Structure formats: C-alpha cells, structure tokens
Amino acid sequence: MELVLTSLLNGVTYGLLLFMLSSGLTLIFSMMGVLNFAHASFYMLGAYFGYAISTKVGFYPALVVAPLAVGAIGAAVERHGLRRAHTSGHVSELLFTFGLAFVIAEAVRLVWGSTPVPYKVPASLDGPLFTLYESTFPTYKAFMMLVSVGMLAALYAGLTKTRVGLVIRAALTRPDMAEALGHDVPRVFMLVFGGGAALAGLAGVIGGNAFVTDPGMAESLGTIVFVVVVVGGLGSLTGAFVASLFIGIVQTFAVAMDYSWHGMSLSRVAPVLPYLIMVAMLIVRPRGLMGTRET
Amino acid sequence: MTAALELSGVQKRFGATEIVRGVDLRVEQGERHALIGPNGAGKSVLFHLISARYPISAGRIALNGETITGRKPHEINRRGLSRSFQVTNLFHRMTVFENVRCAVLWSLGYKYSFWRRVENLADANDRAREIVERIGLAARADVSAGILSYAEQRALEIGITIAGGANVILLDEPTAGMSRTETEAAVALIRRVTEGRTLLIVEHDMSVVFGLADRISVLVYGRIIATGTPEQIRADTKVREAYLGAEAANA
Amino acid sequence: MSPQARRRLLVWGGYAAVLVAAPLVFHKGFSLSLLCQMGIIIVFSLSYNMLLGQTGLLSFGHAVYYGMGALITIHALNLVQHGWKFPVTLMPLVGGAAGLFFGVVFGYITTRRAGTTFAMISLGIGEMMAACSLMFPGFFGGEAGISGNRSSGGAFLGITYGPQIQMYYLVAAWLLLSTAAMYALSRTPLGRMANAVRDNPERAQFVGYDPQHVRFMMVALSGFFAGIAGGLAALNYEIVTAESLSASTSGMVLLATYLGGIGFFAGPIAGAIVVTLMQTALGSITNAWPFYFGAMFLATVLFVPGGIASVAVLHKRFWDAKLLRRVIAVYAALAVPAALALGFSVLLVEMAYNASDESRSAFRVLGYVIDTTATATWVAAISSTLAAIAACGFTWRAVSARWAEVGAALAGERKP
C-alpha cells in the first residue's frame, strides 16, 4: 500500500515534469507544424544553466534567470535558424531541429565535460516533507509539484485570458488568417518557440538536481517526451496532460516493482517499453488518444 | 441504362456543420453534366466526396452501377473515374512529358514493376507523346511542370486527368483564372478530349457552362435545387432567385 | 552509337576505371582500409537516398537494415567456418536478403503513414532494435559483438579474401553492381512513381497508384541494398557490434546522404566520401569532432540544403555561362574574413574541450601554450571570434550586390 502511494506521488511529480516538456512541444508542433527534436535539449540547457548559476549565485536566482536564458536562446534559434530552414521545406525543418539537438548535446559536453555534474538540491529544500507510513516524501518533490502546477496554471491563464494568448490560439489553427488580420505571426512564432524553450528550461532547473544532469539526459528524456506527445495525440494539450501523467506513473511503477517474467525482469525490458508503446500507437491510431491531426 | 455516376442521399458533415445536405444526382453515360451554384454551396466538397478525398457522412455513390462509397482514391481511379483539381496539382519537379507518362503507366498495366526502364516502354512513351500533342503542349514537353505558365499548367492538369483513359471525368473549375482567349481554348480542348466520355464539370463561367453542358444541376446550400437542360435551368425561377438572379444583376 | 549511349558508357566506364585504379594510386597501408570503408558507406548512403531523395521519406532508423544485414552475414560466415558451402564472394547477398526481409516487415508497419509520423515510427523502431541488441546478446552480440573470419571459405581461384586488397576489389565489385542496380531502379515505373509520390502523393493516387504501396516497395528495396552494405561491412571488419544498429549509425548515413545532396543520384556518393574522410582525418586531430560534424550538418541544412552536388552543379552552370571568374572574385573577397572567423571559432571549441577535459594537457596553438582556464584568454578568444564574424558580415554586405548580379546573369542565361 505504502509502495503504491509513494510510487503514485513520485509518478505524478514525474508526470507533471513530463507535461511541462510535452506542453511546450505540443504548442510548437500545433502552431508551426514542426516537431522540435531539440526540445529536450532546452531542458538540458536549463539544468546546466541552473547548475552553473546556483553554484555561483544561488538556486532561487537560477530559478528565474536560467529559464529566461534558455528562452532567449530558443527565440534566437527560431529567428535565425528555424525560419530559414522553413523556406526549404518540411524535411529541412525536421533535420534542423534534429541537428540542433545533436549540436547542443555536443556543446554541453564541450563546456561541462561528459560526466554528470554535481547539481544538488538546495539545502533549504532538502529533507522530508512528511512521512507516509514508513517512507518519507521529500520536500523537494513537493516543491517541484508546486512549481509545475504554478507554471502550468500561469500558462493556462495566459492562453485563455490575455490578448496575446488569444492571438496565439488563433494562430494555432489559422496562422494565415491571423496574419491577414494584422497580427505579427512570425513574432508570435518566435514567442511560442522561445516560451516553449523557457518552459523546458524551467523543467530542467527543477528536474536537473532531482534526477541526473549529464549530456545524455536530453536524449533519454527526449524520447519519453516524444512518446507522451504521440500517445496523447499530436496537437492536443489535454491529451499531452493525460499521457504525461499516465506514462509518468507507469514508468515509476515499472521501476519500483520488479516483476520477473520468463527470466526477463521488468527493469530489463523497461528501456524498450516506451518505443513499443509509441510504435503501437502510431500504427493503430496515429492521431493518438486525443489528437486532432496526424502530421 | 446504368448511370455513369449516381449519388443517392449524399451528406457531408464537418463536425457540427453540414455542408452537403442530401444530394441526389444522376449523370448519364456519355453526358456532359455541369454543376453550378453560388460560392460555398459545396460543389468542390461534392467532388472530394465522389473521388474519396473526404469520407462521406451518409449516402451512397455508384460508378457505372458499382458502389464506390468507402473506397480509396486510387481504387476509384482504377475503376475508371479521374479528376482534375481546382488548385493545380501536378508533379512540379517532372517535365510535362514525364507528368503525362506517369499518368498512363497504371492503365497500361505496368503497376509497380521495377525491372524495365521507363524509356524502353514504347507504348507508354507513344501514348504520352500523343496526349501531350493533344493538349497542345508538344513544344513544351521537356519543360518542368513547375515553371509553366498558368494556362499551360491547367492544360497539363487536364492532360493528366484524361491520360489514364478513364471514362468518367471530373473537372473542378478548369478555366478558373483564365482570360477570355485562354478559356475558349480550354473549352475547345475539353470538348475534344471528352469526346465519347462522361464529363462532370464544376464551373463558374456561365458561357462555358451553357456552351458545353448537355444538362446542368444547381447546388445551393448543399442541396440540388434544380436539374435540367440549359434552357430549363435558364427559365427556372428558383435558380434565378438563388443564383442566376445575382449573376444577371452583375452581368 | 547515340550521344546518350556514348555518354552513359563514358560515365560508367570512368566509374569502373576509378574503382579499379584507386588502390594503385592510394596504396599506403591505411588507405586501402579507408577505401573499403568508403565503398561500404557509399552503398549504404545510396540506399538511404532511395528513401529520402527519391521517395521523400525521412527515416531515422535506416541502420536497422544495415545492421541486420551485417549480423546475419556474420552468422552465415560462421556457418561457413563450420562447413556450410557458400561462396564468400556472394556473402553480401545474404546481407541483402536479410535487409530485404526486415525491409518488408518493418516497411509494412511503417509506411502506412507518411511525413512526420513515418520519421517518428522509424526512430521508434530503430531505438527498439538497438535496445533489443543489448537485451539479447546471444544473437546480437551485445557489447562485445560477434566476430567472423572471411577467409574461412577456403581459396577460390586463389582468392581467400584474407589480404585487404582482395577485400577491396570485392567491395568495389559490389559497389559497382549496387550503384548500377539502384540507378536502373530509379528509371523504372516504380522509381518514377516514387518521385511522383514524393512530389505529390495525392496526384499519384489520382493516376491510379497507391502511395502507401509505392513507399512500402521502396523501403523494402532500399533495405535490400542497405543489407548488402551491411554484409560488406561484416566481411570487411570481421566483427559486428550493436553499434551497426545504433541511432548514431542512422544519424551518420543521414548526414552523409544529406551533405552529398539528396536531389541528385550521385550526391550521396560525394557525401559518403567526404564524411568518411572527415571522420578519419578529424577524428585523429581533435576529440571535439562530433561537434564539428553537427555544426557542419546544421550549416548544410540552413545554407546549402542541396548539398555538395547542388554546389557542384551550380558551379558547372557558372562555368558554362562563363561567369565563374566573377564568382571566384566574390569568394576571394570573403576568403580572409571567413578563414579568420572559422579559425577563431575552432580555437574556441578546442579551448572549451581542453578546459573541460579532466586530464588537462597543455593546449598549444602555433607553438604557444595557452591557459584555457584563464578568463583573460577566453575574453580575448571570444572577442576575436566576434570581430572576425563581424568582418565577415561587413565583407558580405559589400560583395552581396556583386553576388546578386552573377545570380541574375545566370538566371538570364538559363532557358526556361
């Protein structure tokens, strides 16, 4: 019972983190039709910037500065890179984000080395928050949940209540119409891309010290995020939310419980599971659970 | 005699919006049938339903008596129905000749074969050359389709549509955006190439419609309000009200 | 003989002649293995371009067909060692058959969708197979890999394939055959319709073709040729590890093909040669070579999406139009700032690598030792780089008018 509850809480925390990443990816995909392979790379940059800033200045400043820095990088990438690739066609855009992910990972390796960096949870947030039966629930995990929920609530409010949000939602489904009405759609694109990157960066700042921070983190988390987005449905935020929680909880449970079946333990098969789910979903129902478009 | 094309109770809904609200249409063999109506009436959507670009919401479509509702576009094409597009839809990186040759390959039985070079297929090459001449693009045969003039592209569009030898031809606004001279040339071409075949054409240019069609159907708000010969349609008060009335006022 | 036939003979004859003569020109011990490596990657890249350039299918998992081809071949080679009578010369066909088999199986699954969805399924399947290879080390070889001996078939007309030179001519022969086959394929009804499906899948439907079936057949056939490349690799290296199925191998063939130019049949040949050379040359000079590769790839995507082949074709046009001299003048003006900018950027990258490297060795530039941890050094390096980039920008603005002129002149020359 206790295992179920702790795993559930951990799973939800992880799932919320996944949603922070997949929501940005979904927004970018819905609006610009581009599947951003470099999205998890922004998460990684957020973690590394968070590490660099928190060791020099402190964790709380890092919480603000790192996402902004990553967001700025994202906006610059959109403005100078993606926009240019867009003119050469769909394949070029995909290849650009693919190459970008690779270059960012290598750049991180160049600057910080190939081994994980000691990005630690700040002392003020370290330690148990409450005890459930016999296991403790760390304060930091609660903090992560708080930040995730707060950020997503802000995102929701921003999209539904502000004028900019309205323009974004319009450009989401009818970019040419939004542009014809006089809105600077390229500027909106840059905002959405930068915003998505900043969101991923924030997830990196809070996630990087809870999980490991090394140059391979983008690749491992990136694939999970893809699975989430595909399963939830390309283009659907609600789908991404449901799928994030689902996959977050399933993965946490799979690691926590260690069933063995025909000599094959669950943890051994675990790496393949996300891909199997994704491939199965893409074959059976490419629209995903709640998606509105296929490509 | 079996109708070339028969639509019964065809409906199409996009979400909550009903575009096609129950269309019954009968196009006889060898007939030249025009489909007219105000903008937004659902004419192009109807074409998309017949050619299976969009799935039908309700009703039945039959080609030469055989139900084709629910079939895939290439299956319908192989059964003898071919269509052109309102927005030019060519293989823009291939030359005019190659475009037409691609259009004849299936009908000559070559399917997915990969053991004979396409240059050595005498019948495909002859047929393609003949069609390129018929559509008047013999002088531009080796030009990339993407850089042709608009009227030339429309002519090529028609050429690809008839190249496969389909018996039922659907033309979606073939003369859209053309000048008077170009339109006349296009109409002459259409009349030539659809000799002996069944034609269903969507058009806005009334001179084309009245000059070309044996029978006309009028589509307004997703429903056919009248079908008949050009004279009958001209005289029909409902039609005048809904459509030709506005036309006459602007003419 | 017609001019086309004469030209065709010249091209293919020249190609064969180059393949035969290459080891005579490049005979230093190491060059022979490099030539073999190049030949294998060329076949692999050409097979990939059947999907990307000819059918418009972006795949992130093409290494699966290469890897499985290699794996089945090495197992077959071990069977030969245990008595199975099968000529080693024909071993690549075993690889091809394996590639074809998986091409059919995975092709059927993946081609039901196109575009982004196809790319993602291919990624998923690639990762899945790579994960499998670590999960079932018995068959896949795991980390250690599976080894074989290509001379185990005994001598045939005195050929054992033991010496590298014999291996080279085997690679060259299969390379010539595969290139000819893939080229011929592009001229068949299937090949033409693959192009049609790439350009306009909807139109292809309305001339009677099922785009899904066309894609399926192209995936299966490209799997066949990738499998041949894999078979050659198994014979050449005499070992097959999980690396050949990995995402990095898929990425490498994507880079090689795209760099070479996906719009031309021979493009991937150039790309494969360049990438192999760079991998060997760069790999021995600097440890930051993956970064350079990635940067080069990004630059190609952004600035030269047509690849090396498109640059070559463009300059041939300049030559034909007698504009080449003016073009070279523009390049000459840009040469110095561009070289400086490139040089300083490389310096920055190498400094970064050195600074983060635990086993920090002395960093030498032109004989001077530089302290890569000192802030002053970094400030100097970064400002020099920015200055050089700015100089490039200025020079470009100055000559861009001339460049536009040349472009316009060329467009005027081009007949519609």
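In order of appearance the chains are A, B and C, and numbering begins at 1 in each one.
The rule we apply is simple: a residue touches a chain if its C-beta (ideal position, glycine included) is under 8 Å from a C-beta of that chain, and two chains touch if they have at least 3 such contacts.
Not measured: the values here are computed from a predicted model.
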Response to the item:
One chain's C-alpha mean falls closest to the whole-protein C-alpha mean, and that chain is C
Practice prompt. Name the chain whose C-alpha centroid is farthest from the C-alpha centroid of subunit A.
Written response: B
Fill in: Centre-to-centre distance between subunit C and subunit B (centres being mean Cα positions), rounded to whole Å
44
Worksheet item: subunit A to subunit C: how many Å between their CA centres?
Response: 32
Worksheet entry | Rounded Å distance between subunit A and subunit B, as computed from the means of their C-alpha atoms | 48
Item to complete: Give every residue of subunit C touching subunit B within the complex, in rising order.
Response: 184-185, 187-193, 195-196, 199-200, 202-211, 213-214, 217, 221, 416
Worksheet, complete the sentence: Interface with subunit A, subunit C side, in the complex: residues 52, 56, 58, 60, 109, 112-117, 119-121, 123-125, 127-128, 131-132, 135, 251, 254, 258, 288, 290-291, 294-295, 297-298, 301-302, 305, 349, 352-353, 355-358
Discussion item. Help me check something: in the complex, which residues belonging to subunit A touch subunit C?
Written reply: 35, 81, 84-85, 88, 90-92, 94-96, 98-100, 102-103, 106-107, 109-113, 115, 223, 226, 230, 234, 264, 268-269, 271-272, 275-276, 278-279, 282-283, 286, 294-295
Worksheet, complete the sentence: Within the complex, subunit C is touched by subunit B residues 51, 53, 72-74, 77-78, 82-83, 85, 89-94, 98, 101-103, 105-107, 110-119, 121, 143, 147, 160-161, 163-164
